[in-house]
Amino acid sequence: MVYEEPITDYDYKVENCTCAFCGCNCDDLVYLVKGGEVKGELKDGVVVSGYVDGGHVVGCRHACRLGASKVMEDMDQRLLVPMIRDEKGNLVETDWDTALDKAAQLIAHAVRPVFYGWSETSIETMHYGLELGELVGAVLDNQATICHGPSLQAVQNAGYPVMTLGETKNRADMVVYTGNNAMNSHPRHLARYSTFPRGYFRKRGRFDRTLVTMDPRYTDTAKMSDIWVGFEQNGDYEFYNAMRAVLRGKKLEKDIISGIPKEDIEDLVESMKQAQFGALFFGLGLTHTLSKQRNIDIAINLIQDLNKFTKWNLIPMRGHFNVNGFNIFMALEQGFPYGVDFARGYPRYMNGETNTIDLLTREEPDVFMVIAADPGAHFPSGANRHLANIPVIQIDIHWGPSTELADIVLPGSFIAVEAAGTSYRMDGVPIYMKKAVSKPKNTRDDEWIVNELLKRVQKIKGIKPEVASK
Amino acid sequence: MKIITFNQKKTSTIGLEFDELIPDEIFQWEEKDFQKYEIPIGNSRFPLKDYFDVDVVGSAESPSDVKIILNGDLTRIKYIGTKMSTGEIVANSSVDLHCGSEMSGGEITVNGNAESYAGREMTGGILTIKGNTREFCGASYIGDWRGMSGGTIMIHGSAGKQLGECLTGGEIYVKGNCDILAGIHMTKGFIQIDGDVTRWPGGQMQGGNIIINGKLSRLLEGFVDPEIITNPEIEGKQITGKYIKYVGDIARNGKGNLYLDADKNRNFL
Amino acid sequence: MTYVDKPTVPNVVKFDEPTATKRNKLEVMLNTGSDIYQGACKKRGSTLKDEYRHASGTAYLDPKDMAKLGVKNWDTALVKTNWGEVVVYTAHSRDAPHEGQIFICKGPWANVIVSPETYCCCDPTYKGVPASIEKTDEDPLLMADLMAEVYKKYDKHETVTANKLGKKPDNNVCHYRS
Amino acid sequence: MEYILKNGIVYDPTNKIDGEKKDVLFKDGKIVDSVSNDAKVIDVTDKLVMAAGVDPHSHIAGPKLVVGRLYRPEDSRRGIVPKKGVTRAETGFSVPSCPATGYRYSRMGYGTVVEAAMPPLEAKHTHEEINAIPNIDVAPLPLFGNNWFILEYAKENKIDDLAAFISYWLRLVKGYGIKLVNPCGGEAWGWGMNVHGLDDPAPYFDVTSREVITALSKANEKLGLPHSIHLHPNDLGHPGNSRTTIESMKLIKDIAKNSAVRDQTVHMTHIQYHSYGGTNWRDFVSNAPDVADFINKNDYVTCDVGQITLDETTTMTADGPMEFDLHQLNGLKWANKDIELETASGIVPFIYSGRNSVHSVQWAIGLEMFLLINNPWQVFLTTDSPNAGPFIRYPRVISWLMSNKRRTEMIENREVHKAVEKKSALATIDREYDFNEIATISRSAPARAYGFTDRGHLGIGAKADIAVYNIKPNEIDPSLEYEAIEKHFGLAAYTIKDGEVLVKDGEVVKVVPSHTIWTNVKGLESQENAVIDSIMPAFNKYYTIKFENYKVHDNYIPNPIEVKVKAGQAAK
């Protein structure tokens, strides 16, 4: 790694900013801003309230590689003007009114519209999105549908023994990562919350804790662990089942279960029982393999069993910074976490029927709106191929794979840097993410865009806005 | 007896929801009622007559006198027979999701394949699928620990994953093969699979019986106390053959029984 | 700042590995997921650039598998599954050993070949997809070219490269394959 | 706008109006003594008129609730109502969605609800949910009983610092009063343990529940908050816990009240769960008479009941260890949520069944509490929603209270288990509530206990929060017509909030945003700053969130009702 000089060429600092990358939502970032004019209060070079108008972020302290890369974005690919695809298939720049009107027309006349995304925008934006969805009878879904959806289903089947991350920091003496490579996907998770920090009851930090990684691959997280359990691919369910059986006092019959010698399983269970406070973090390694939601289901049951002996909790390692927020928001507004279908005037939630991937592979949707998400980069081709048949509306900040499939592109703004908003951390702690700098000219806040779409659809449907909005 | 025949005119890629067209609701309907009826498709309703010609023959005093016959490509017809309590439905093609879900009586015959969630939360009646079915056949609604609690599901083909999830009663018969985790979380009831099973039947089961007459590839550690039983009598049914009987899933303190055909599964002995 | 040309990978492939019998084609298990290079590049927004092709369009192999195939770091290979075919780079996996498994970071390249089957649990099968990998001379396409080539939303011409989708299931009621 | 609510039979216990036929006049959201000739007349001749209901203890908003909704889609599905007119779709039975919560309270004629447990760290979340609930005003009570800073203050008996801390924190998280849940038990649950009784210390902190309750009560009176401490004592749901309950109440005996707007110095919540005798579930009996007797003799105590309604419900409380025990008992899916430095919580679905002896006796204990406490100003109507049953069952509870016939019927027809006769005295009590007492336990008394002077009654100047029911008090015999009582209390003829008709004939006709009621203590600024400076090092070290991002920003309370309190001075 090349050594880089610290950044000194900046004018202002904005402190306690929240990182808008992964579910860790680290809220201790310091943005170094150059240029612009402070709209608010400035004290010793630190912006204590308000934001910097016209400035841009030149540096970012405390962030990990991922967080820093997101804040220090690639301006070459930033979407700055609304665009509409012409007959030749080229995206042509246009004005906001034309783009919004066309999008509103598509949404208002759709029979099976799907609004997908939401995980990288604020709760405030979702309010308008939900209202729009309820108005037109759309399906609202977020990225949970391709990442932690099975976890939520398992939660619905088995329960949800969770904690906030500070509990791990202050109490945990055993930390288990399973099916997750935190060092790559949540780089500060170990450092800030789980393993390294010095907590109230764990004054020596890392030395007071045992770190276990369960993953078929010897990942970067596994390399840092005290114990690596490399069970076989797709063998998760059998492995946890054996652990539960051992916990109930059963002697294992087979010598090797899911690639792990039975003595090792027995030792592991014993040490998990002996821990004072255990924390299990699970990731997509469990949700994407053969028995999907049942892997989590049985892992949750294992944690519940362990609570008879000592204290164990778990947290799903949510990927996007507000993916949990959407689930919480939908649950509090309409009772179901994701994949909610409003087609019949009331919410329906049925896995395999009202989820984006299933809808796309069944070729049902006739209008697809993507907001703050990238199906082009994350959906399997079997689902994306239907996006080639239907109009796609994209609200995003960068030109990405989805832009290649989009017919209308609406440039949004960057929550937690250029716009403020609420997000929910992976453990459900709400954070108000503040605005640090102004957004590029001619882009709009996501909140404004979705509200504007709502107003225009209301107009097409002949509904007075004040009647419709509650 | 009243026979209502739906002959398809046009298909739709967006699913048609048939939950309102069950014998309980339409036993007094005449052809003109079907002419007027609008069927939910996506977020709207469209005239049923655009999609189906409906013939009504005979008359019915009660829903139990009704027989509904569906002809055409039904692969986008959802919720056939949902919540029906009596009468008969015959679907002469493969059907979409939720066929016979929450039904409490009557009879459904699918002369083709059925998509997922067939017979979900059934409490009674008979659902016969002549072809294959997919996931969550005879399962519970997501989150509920009470799944199918009565009735019979007869699958002549194969079944997908998580057959009879959270089963709390009733009987499921599969003539073909079955994918992973059949009878997961089941507490009562009866599952018989005549074909082969891939992995882990009976995961976390607490009660009930699973009989596998084919070959099983992998069994969970939670199944213990194997013993050989010949011609067992299970839930009043006399089964012929030699079986290995397991008790499980002890990982969840379960007391269910899993019977494996002893000849085809020698490797487990 | 966080720009890299390509991810840092070890380079210890031993072609004289005694167990490595040279093969033209390997049957492997495909896993996808994220790593830090892919994450950083994607979220920075540099998806049109060469960096993304290297960060995301790379199959990470066990060195033994690389020896069997006879590929070096940043050679190219064609990965085929039931759902499509795509050309990617090959590189030495940082998580080795995992013989018989390949890892491709999530992104447009991996998407072509993963399975959309959700088994009614909303999540497609991103991991544990049976695949084959063979050496090729073609270069992986940049993101925009790949999207145009594979999905043909605006240009319906026939495929000219090796990247293509598999046959669409003729009926969307996917019948259980026993 | 001016209105005359004409010829109703008015019950307003606060103003000693007991079933008088009179008009209620209101203008611009307030009750007035005269209106002009332009006033709109709403004819409610001979119908029952009361102030809108005040629910003193309900779980309707917050992280626990959302976990409940998120992990019980089968419950959400039970209560689905499609969107209609001005209302959005409703979901949920025991854990309804936020809009449904507002509509359903409105339909029952309620206007104010106290959200009984708000973890300060996730207060923003609670406020977001309050904003999503329409039509009712909500006062959230932050959880303080297991907060590390408070445990330290209580141990060292630093009441002044504690008072300054509470005052600052109430402003920080926009809370209304002090809620304690299983003091020290929540902290012990951090290690998978619990405390038993008042003198079992929390591990490591070495402080007992006795010290915490006393310290917080002293701080509460020192500040002169409008509500007393709101205590969920230790040992909830354990056979034989009535001793702990009575001991807990005794602790407060000598602490002088410092507020004119309320009568009590301690509010004991869901007392039904705390009035158990016996030593295990087999010899479990009702000890309601002892607890009721103590309350009858000590007027500094109020309580709400937490009446079991014999439904399938979702139990949720900040009492984490108790919920784990419950999960061990019924084996259903267990959710738990530990909040760093502050509290714990747990959730388990539960099926209360009349066929079960324990559940039936619990049902009887609740009713005994209602019937054995003589002064209706000391006992309030709750089901600890959704713990003992969802709040939509209040009308049913009212019908039980008003009809001895119905209660006897339930016991004799075996709608409840025969154990009720053996293990409780319910069958021998024939007291029946009248409308005045119902109005007291469901509006006037809770409003008084919370120091709400502007609601819970129909005096001049009060908010025009009014409920009208299709019941003719002078004609109906509630003892016989209990079904009609249940039906009509569930669907108000009119619910008027701030002078606007929100419900007409049981249908929601107007949707308005809710208000958040919070307490702002003035006059301790310098002490507060000193306390904050002293705790800041620990805060930065042990919380995972920055202090700047901890507070509830003003945009989370768009419609505040700020109750200003001058520290140390009794409010008028």
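Letters A, B, C and D name the chains as they come in the text, with residue numbers starting at 1 for each one.
Methods note: contacts are C-beta pairs under 8 Å (C-beta built on N, C-alpha and C of every residue); 3 or more make two chains touch, one makes a residue touch a chain.
Computed from a prediction, not measured in an experiment: that's the story for all the values here.
Trainee: Most central chain by CA mean?
Mentor: Of all chains shown, the one whose C-alpha centre lies nearest the global C-alpha mean is A.
Trainee: Between A-C and A-B, which chain pair shares more contacting C-beta pairs?
Mentor: Of A-C and A-B, it is A-C that has more C-beta pairs in contact.
Trainee: With chain centres taken as the means of their Cα atoms, state the distance from chain A to chain C in Å.
Mentor: The computed centroid separation for chain A versus chain C comes out at 24 Å.
Trainee: Measuring centre to centre with CA averages, how many angstrom lie between chain A and chain D?
Mentor: From the centre of chain A to the centre of chain D is 35 Å.
Trainee: Approximately how many whole Å separate the CA-defined centres of chain C and chain D?
Mentor: 57
Trainee: Could you pull out the residues of chain A that touch at least 2 other chains?
Mentor: Those would be 153, 156-157, 290, 342, 344, 349, 351-352, 362-363.
Trainee: Where in chain D do residues touch at least two different other chains?
Mentor: 71-74, 77, 333
Trainee: Mark out which residues of chain C touch at least two other chains, giving numbers and ranges.
Mentor: 119-121, 172 - these are the residues of chain C that touch more than one other chain.
Trainee: Tell me, which pairs of chains are in touch?
Mentor: Chain-chain contacts present: A-B, A-C, A-D, B-C, B-D.
Trainee: Please give the residue numbers of chain D that touch chain B in the complex, ascending.
Mentor: It is residues 71-75, 77, 332-333 of chain D that touch chain B.
Trainee: Sort out for me which residues of chain A touch chain D in the complex.
Mentor: My answer: residues 15-16, 18, 27-28, 123, 134, 152, 155-167, 169-171, 192-193, 198-201, 276-277, 304, 307-308, 310-311, 313, 327-328, 331-337, 342, 344-347, 349, 422, 424, 428-432, 467, 470.
Trainee: Spell out the residues on chain A that touch chain B in their complex, using ranges where they run on.
Mentor: So the residues of chain A touching chain B come out as 110-113, 136-138, 153, 156-157, 237-238, 241-242, 244-245, 247-248, 250, 252-254, 257, 290-291, 294, 297-298, 301, 342-344, 349-353, 362-364, 366.
Trainee: What residues on chain B touch chain A, complex-wise?
Mentor: Going through chain B, the ones touching chain A are 13-15, 17, 40-44, 78, 97-98, 116-117, 135-136, 142-143, 145, 161-162, 180-181, 184-185, 199-200, 203-204, 218, 220-222, 224, 249-253.
Trainee: In the complex formed with chain C, which residues of chain A make contact?
Mentor: Within the complex, chain A contacts chain C at residues 4, 21, 65-66, 68-70, 72-74, 76-78, 85, 88-89, 145-147, 149-150, 153, 181, 183-185, 187, 216-220, 222, 233-234, 284-285, 287-290, 292-293, 319, 339, 351-352, 355-358, 360-363, 374, 376-385, 387-388, 397-401, 404-405.
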